[in-house]
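Input: structures, listed below.
The following pair of complexes shares a single chain, chain A, combined with chain B in the former and chain C in the latter.
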Partner chain A sequence: MALLKRTGAARLAGLFMSILLEISGTDLLGQANPAPEYQLKAVFLYNFAQFVDWPPQAFSDAQAPIVIGILGDDPFGSYLDETVRGEKVNGHPLVVQRLRRLSDVKAVHVLFISESESDRVEQIVAALRGRPVLTVGDTEDFCARGGMVRLLNEKNKIRVRINLEPVKSAGLAVSSKLLRVADVQR
Partner chain B sequence: MKFFVSLRDLPIKRKLTVVVLLTSSVAVLLMGSVLIIYERNVFRHELAANMTVLAQIIGSNSTAALAFDDRKNAQEILSALLADAEVRAAAIYDRTGNVFARYPENLPLDQLPAQPTDHGHKFDRHQFVMFAPITQQGTRLGTIYLQADLGQMYARFRVYGLLLLFVGVCSSLGAMGMAWQLQRRISQPILELAHVATAVSERHDYSVRGKKHGDDEIGQLTDAFNEMLARLGAANAALAASEEDLRFANKEKDNFFAILSHELRTPLTPVLATVSVLEGDPTLPTSVKEDIEMIRRNVELEARLIDDLLDINRIVRGKLDLNRQVVDVRALLEHAMASYCHVAAAKKNIRCSVEMTATETHVFVDSSRMTQVFWNLLQNAVKFTPEGGAISVRVFNEHRPTTAPTAPNDGENSLVDLVVQISDTGMGIAPETLPRIFRAFEQGARSRHASYGGLGLGLSISRAIMELHGGSISAASEGKDKGATFSVRLHTVKGLPTPQVVAAPSPHREFIGDRKLRVLVVEDHRDTADQFARLLQRAGHEVVCASSIREAQQYAVVTPAPDRICAFDVLISDLDLPDGSGRELMRNLAQLCPIRGIAISGHGSRDDVESSLAAGFSHHVTKPVDWEKLKTVLQQIAAEKTRPEPAHAGA
Partner chain C sequence: MLFLFLPGTACSNEFLRRDAIAETEEFQLAGSDAQILQSRGYLTLMRRPPAFCIAVTAVFAFANIVRAQEPAYVPPSTLKKLSVEQLVDVDVTSVSKYPEKSSEAAAAIAVLTQEDIERAGVTNIPDALRLIPGLDVAQVDAHTWAISSRGFNDIYANKLLVMIDGRTVYTPLFSGVFWDVQDTMMEDIDRIEVVRGPGATLWGANAVNGVINIITKSARDTQGLLITAGAGTEEIGFTSIRYGVKLTDDAFLKIYTKYFDRDSTVRPNDSDAHDSWDMLRGGFRFDWQSNPENAFTFQGDIYGGDQDELYHVPTTTFPFAGRNSGTDNVAGGNLLGRWSHTFAPDNELTLQAYYDRTERVSPVFGENRDTGDVDLQYRFDWGERQKIILGGGFRATHASIDNSLNISFFPNDRTLKLYSAFLQDEITLVPETLRVTVGSKFEHNDFTGFEIQPSARALWTPGHAQTIWGSISRAVRTPSEAESDIRINPAPPVPIPPGLLTIIGNPDMESEKLIAYELGYRIQPISQLRLDATAFYNVYDDLRSLEPLVPGPVSPTRVANKLFGETYGTEISATAQVLSQWRVEAAYTYFEAQIHREEGGADSRSEAAAEGGSPHNQFFIRSLVDLPWNLHFDSTLRYVDDLRMPRVPSYVTADVRLAWSPRNNLEFSVVGRNLFDDRHPEFAPTFVGTQRTEVERSVYATVVWRY
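Let's look at the complex of A and B:
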C-alpha cells in the first residue's frame, strides 16, 4: 500500500512539474492536445474530493468509489485518469466516468460540465437539484447560472469560485479550508 | 590547597564565617545547577511539544493552499507565526519538495534547507529545527519546516542566574549572620580565654579566670585553664612570699653586718687615740715606744679590715655615696704617699720614685675615697715588693679616645684623662689570675693575699670607687716575679682646687691651744669617753664627761637670761646615745645658748653629715676619730672664739 502510494506520489510529482512548466508557457513535452491548464484542473478535480464531504447516503458502502464524471467533450485527455489512478480519499477509491447525456448521470459525486454543454448549464443544474453532486465547470457565468464550483484562469493561475447556495441545498459540506482559498459567491 | 593553608592562620571568627559561607555557597550552586539542568530539559521538552502542535496547526491549515496552489494563502497562514516570538523561520514545502511558502516572507532561500529531510526535530546550540508532514484525508500534500530560537531559553537562564545571584547574596548575608551567632557561641569563649591568657602573660595577674559558657569541650578547656591558673597563681604567690622572706632576711643580714662592723670598730677609737698620744710622749723609753707602735699597727690593721668590710657592704647595697669636689690629684697622691709609701719604703729599703708629667691634674672626685684607692694600691705595692725593690709612681695625661662616651653629669670635663700608674718590682700576677683580682672574695685575690694577711677586699673596693667616679682601674703584669703595674684613669676637669683639701694635715704636729676651751664630751662608751677626756685635758682644755642626754643637760648649766652664757664652749657628742640622738641634744643646747658642736658618728654619708649640720653641729667626724683632724677643728673653734662674735654679742 505504502509502495503504491509512493509510486503514485512520485508520478504525481512528475506530473506536477510538467504542469508547472506548461503553465509557464514552455511546451517542452510537445503535447498540444489537451490544453496544459487541464492538467492542473484535473488535480483540482481530484483535490475537491478531499475538501468536500458527501452525505452518507451518497455512498452505498465504505469502500464505494468516489465517481468523477465528465459531461460532454473530455478536455482532460488522460490527465484525469493519471491523476486519480491508485489514489484513495477516506478509503474511497476514485473513478472517472465520461458521460454524454444528462440521463447518464447516476451515482456521480463530482460532475465536470464541459464547455460543450455550456448552453444547457441551467437545465443540467436544475435536473441535479437536491442530489449530492458537486457541479464543476469552467465556462463564463457558471456560478451565476446555478453551477457550484467554477475554475477560472487568472494571470496564468487557476482560481476556484464557489456558489454556496446550491452546494448547501445539495447537502454537501465544503471544508472551510477550501472556502478560505476560494472566491465565495453568495 | 593554598586556600586551605591560608585559612589555617585566620582567626576562628573568620574561619567559622568562611566555612559557613562556603557551605551555603556550595548548596546554592548545587541547587542552582540542578534547577538549571532540569529547567533546560523541561524547556526543550515544552518547546518541542509546542512546535509540534504549531506545525500540526499550520500544516492542517495550509492543506487547501497546497492543494489549490494558493501561495498567498499559505503565506498568510505562515505570517501568523509573527505572534510567536520563538519561531525564527518557517517554510512549507510542496509534495515535490520545493519551497511553497516561507516565513519571514523575504527570507533568503539559502537560509532554508533546500530539501525537507527526515521528519522529526533536533536541537543544536542555538536553535531548534523540525520537519512535519502535511496531510489531508491521509494524502500527503507537503512538509512544514520550523526553526525556533533558543534565545528565550537563555533569557530565562539569565533570569535564573540573576535569581541565583540574589539568593546567593541573601544566603551569604544569612550565613554571615549565622557565623556571627556561631562565633558568639563557639569562638567568643575561646577569644575570652585568649584574652585571659594574654592578661596573665602580660600583667602576671593570676587572679583572673575564664568564664565558662557551657559544658562542651570549650567549657572543659576553660575549667582546665582555670585550674592551671589557680595552681600557677598559688605557686607564684609562694614564690613571691619566699622571695619577700629572702629579701627581708638579706636586709636583716645587711643591717646586722653594718651594726656589727660599727660595733667592732667603736672600741678601736680610744685605743688608737691613746697610742697616738703615747707615741708623742718624749719621756717614754724606746722599748715601750716599739711596743706601742706594734699596738698601733695592729689596731690600724684591724680598723682597716673593718673599714673594708663596711665599704664592701655599702658597695653591695649600692649605698656608697660620693662627696665630689674639684681636687688637684697631686695633693691626694702626696698625702697618700706620705702616709704609706715613704714610711714603709724607708723600713723595707724600697726606692720610691715619682714621675710627674701631667699638666692637667684637676679631677672631680670624693677626696677621701680617692685617697683610699691610692692607699690601697700603694699598700699593696709595699706589701708585695721585697726588700731592696722599687716602687715608681707615674702621673701623666692621655687624650681620651673620641669614641668613648663622655659622662653626662660633669659638663666641665675636658677631653684629657689623667692616668696614675703605680708599678712595683714584686711577685707579679700570673696571667690566669689577672682577670679575677678585682673581684671580691675571689680565689685569685685570696691566694695572692694568703701569705700576706688581709681579706684582699681593697682592689674590689677600689674598682667600685673608680667605677662610681666614671673612671677605671686596671692591672698589668708580665708574669710571676716580674712586678705589677696598676693604672687608675680619671677624666680631668678645668678648675681650681678647693683650698681646705690641699691643706694636708701634718701627722706629727703638736696641738697647741691658743686658748683654753670648756668641752662637754657626751659618749656612752666609757673607754672612748675617758680617752677623749685624757687627750683634751693633755691639750689644756677643761673637760666634763656625760654618758647620756639627760646627764649632759644637767651639766650644761646656763646662766639665766638676759646674759645666757653657756657653761661650755664646745659640745663633742656621739650621735647614738642610749636615751636618744646627739642631734636632739645639740638642738636643745643651741636654743639655750651659743655653743659649738662636733658630732662623732660611725656613719659618714652625705645625708648623715647634712642632718648633723641641720641640727646645729658645726662639724661631723666619722669614727674612728682622726685625732689630728679633731685637734685642727678645736684649734679653729678656739681661734674664732678670740675674735669678737657680733651675732652672739647682740643676742
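Let's look at the complex of A and C:
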C-alpha cells in the first residue's frame, strides 16, 4: 500500500474511495455509523473542548487548533470529525487526530483513551502527568486509575464523572457549567 | 406590561422547554425549533465544488435510506444544539427520537441567531427583525420605525412586548417602543427570539400580539478585542469596539462602545428630509459563576444621540400651522443585576432587578423617565409529569413631561406602579406524545386595576418528525399614559384653530382585550428541510377609538374603547439546507383584519387604520452561500404588500452581502440594501406631524477585526 500511494493512479483511487466513504457515511471496511452511544460521546468530547480552559502555553498561537486525540481503536468513525468540522472555540479550530502510540501524543488537548488501551491507563496518565491534556475515557475505574473524565453509561444515559485532582494539577480549568452536571470527585 | 421572566437568556424558552432554562449563554437551547432550523446540514461534502455536490446529493439521499438499516444516525448538528444538561438526559436507546423533541414549542416561535444577523450585514435591530417570519417592519424616517406582528402596525404600535436581556424596553408612555434608542453592538447579539401571538401568561400585559426578546452574549463569550468600522451612502460612518477580559477562572467582564452617523432620508418630491442622526453608546457586562449553584450577571449601558427632524406644528396665529425644524436629543442608561441559584437541575430560583432611565427632548415634547423593576421566578419539577414555573414582580415608573402647544400631558408628572404574579404548569399526559400547558398571569395596574390573562396550550407529537400544537389565550393591552393623560393639538391641514382637532386622553379608558386561537404544525420530512406553519384567529374587544365630542366633520376627539374586531392569518416558513454550503429560507405571511364600530362609535379613521395599516401579504426568500476562498454571499428578496391607511404602495426589494475573510480574525464585507429602486415609502407619520419620507438604496462596506 505504501508503494502504491506514490502512484497517481493510487492517489486517484484513494480520492475516489474517500469520496465514496463520505457519500455513504460508512466505512467501506464494514464499520457502520458509530453506535448511538458513541455519537453522543463524540458530542460530549466537542463540549469538553468548550468547557475546559487550557493554559496559554498549550497553544503555539491564538489560531492554533484544539486537538482532540483518539488513542487506540477509534469507536467514533467519521462522526467525531463531522461533529467538530468548521467549529472553533475562542478562535481555535477543532481538529481530530488518531494516535496509535503514546509517543504520538504531542500537541493534544483532549485525549480519548480508547477501550483498546484499557490495560495501560495508569501508564498513559502517568506519562501525561502535569501536561495540559484532558484525559477522557469510558472504561471501568477510569477515574480511579488516574484518568480525568469518565463517560459512563448509566441506565442508558451518559453520565460525566470528573476527577478534579489531576485536572487541576495539569493546569486545566473546568467550567462550572460542566461541573454542575458532572459527578465530581474531589 | 410585564416581564415575569428572568434568566436573561433562556427565559423566553420557558414556554418551550423549561428543562433548558438553567443553561445560560454558552449554549443555544434545544428548546427552540428555529435553532434546529438554523442547523447546518450534515452533508459530509463540504469544501467540494458545487457541481460535484449536486451530482452526489441524490446518491447521498439513497445512502440515507440504506443507513436506516444501520445504527440510528443523528446529525451532529442536532446533538450539538443541546446543552450539557440536556445531553446527560438523552436516552441512548432513543437518541434518534431526541432531535424531534426540540421542535416542541406550543407557540409560533422564530429565532434569529448571531450568524443570521452577521450574514445579513444589518446595522440596526429593526433591519434584523425584517428577517423574522411574520413580523411587519416599516421604516418611517431615518430614525423612526413601525414594527408589529399580526396587525395593528403603527409608529405607536402598542401590542408588542420587547425586551433586551430581560429588561422591558417598551415605554408606558404609549405602550410601544422607541426603536431609535434600542440598540447594541450587532456582534454582541446572541440571538433574537420572537414569539408571535399572545405571550401574556408568562410575560404579562402588552404581550398581546407578540414578544421580542433580544439576548446578548455573556462576557464569557465575548473575550478578546473586536473592532468594527464601516462607511457607505446612508451609513455615513459606524464603528464599534469591544474588549472582554477574564478576571478569574469563573468571572468575566466586557466593555463596548458603538458610534454611528446616518444620513437623512428623502421626501417624496426628492428633497432632503433633514432627519439625519448620530448616536454614541457604551456599556459593560460582568458574568460570574461563583460556584456551580450560583450565577451572577451585572450589566449596564449608557447612550446619547441627536436626531434632526422637521415638524408640522400648530401655532396660535393664522394660519395656525407652521414648521419647526429642530433636533431631538435622546439619552438614557440602564443597570441590571441578576442572580440565579440552582438547587437541582430542574429546580432554580432567579432574582432580577434593573433600573432604566430615558430622556427625550424635542421641539414638540420632552420626557424624562425613571423605571425600577424587580422580578422573582422559581421553577421546579412536581413529580414525574409536571413542571411548574411561578413568579412575581413589581415595577414603578416615574415620568416627567415637558408640555408644548402641540403635545401636552395632564398631569405631566406621575408615577405608575405595577404588581404581577404568574403560575404555569406543564403536564405530560402521554410521555413524548402529548403535553398540555396551563397557566395565568395576574396583575394590578394603576389604570384598570386587576387583569387576568390565562392560557392553555397543547402539543401533540404523532410520530417523530412532526408536531401539532394549539392554544387558546386571553391577553390584555392596558392603557398607556398617553391614552389617559394626553392632549394633542395637531397642525391643522387647513387654516382652522388647532383646538378644533384636539385629541384628548381619557383616564377611564379600559384595557383592550384579546381572545386568541392558534394552531401550528411543524414537519421535518427529511433532515435538510423544515416547514413551520401557523394559523391564528384573534377576537379583540374594547379596541381604542377616538370619539368626536360633537357630531360633525370637525370636532375634538376623546379616547374611548368603541371598536372591536377580528383578525386572522397564517405564517408559513421553510428552511432548506440544499447543500452543506447553501441554505435557503423563505417565509410567507398572510394577514386580514375586520374591525367594527360599536354602537355609538363614530371613529371610522381608527377603524380604517387598524384594517389598513398592515400588509395583507408579505414574503421573503433568503439565500446563504459559502463559496470557496472564504467568501460568503448572502441575498434576500423581500415583498411587502400595499397599505391602505396610510396609503403606501407595495414594494419588492433586495439586500445582498458579500464577505471575505482573508484570515480567520479578519473580515471585509460589502452590503447593498433596498437595491431595486432609488427610494420607496414604507409607512407614514401618525399623530405627530413629522414628514413623509422614503427609504433610499444604501451601500456600505465594513471591516471586522478580532484579536
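Going forward, the second predicted complex is superposed on the first by the 153 of 186 C-alpha atoms of A that agree within 3 Å, B and C clash if a C-alpha of one lies under 4 Å from a C-alpha of the other, contacts with A are read in each partner's own complex, and residues count from 1 in each chain.
Following the convention adopted for this analysis, a residue touches a chain if its C-beta (ideal position, glycine included) is under 8 Å from a C-beta of that chain, and two chains touch if they have at least 3 such contacts.
As the structure is a prediction and not an experimental result, all values here were calculated from the model.
Contacts of A:Lys106 after superposition on the shared chain: neither chain B nor chain C is touched. With both structures placed on the common chain, the touch criterion links A:Val89 to chain B but leaves chain C unconnected. Contact with neither chain B nor chain C is seen for A:Lys168 once the two complexes are overlaid on the shared chain. Shared-chain residue A:Lys157: touches chain B and chain C both.
Comparing chain C and chain B on the residues of chain A they touch gives the larger count to C. By the document's definition of touching, neither partner reaches A:Arg129: not chain B, not chain C. Shared-chain residue A:Leu40: touches chain B and chain C both.
Shared-chain residue A:Arg180: touches chain B and chain C both.
Residue contacts after overlaying the shared chain place A:Phe51 against chain B and chain C alike.
Of the residues of chain A, those at positions 40, 44, 47, 50-51, 88, 90, 157-158, 160, 175, 177-178, 180-181 touch chain B in one of the two structures and chain C in the other. Within the complex formed with chain C, the residues of chain A that make contact are 19, 22-26, 32-37, 39-40, 42-44, 46-47, 50-51, 53, 62-63, 78-79, 82-83, 85-86, 88, 90-91, 93, 153, 156-160, 173, 175-181. For chain A in complex with chain B, the residues that touch the partner chain are 5, 9, 12-13, 16-17, 40, 44, 47, 50-51, 87-90, 157-158, 160, 175, 177-178, 180-182.
Residues 60-61, 63-65, 67-70, 73, 94-96, 136-140 of chain B touch chain A in their complex.
Residues 22-23, 26, 40, 42, 44-46, 56, 59-60, 63-64, 66-67, 70-76, 79-80, 82, 84-85, 87-93, 95-96, 223-224, 249-250, 289, 291-293, 342, 345, 664-665, 706-707 of chain C are the ones that touch chain A when the two sit in their complex.
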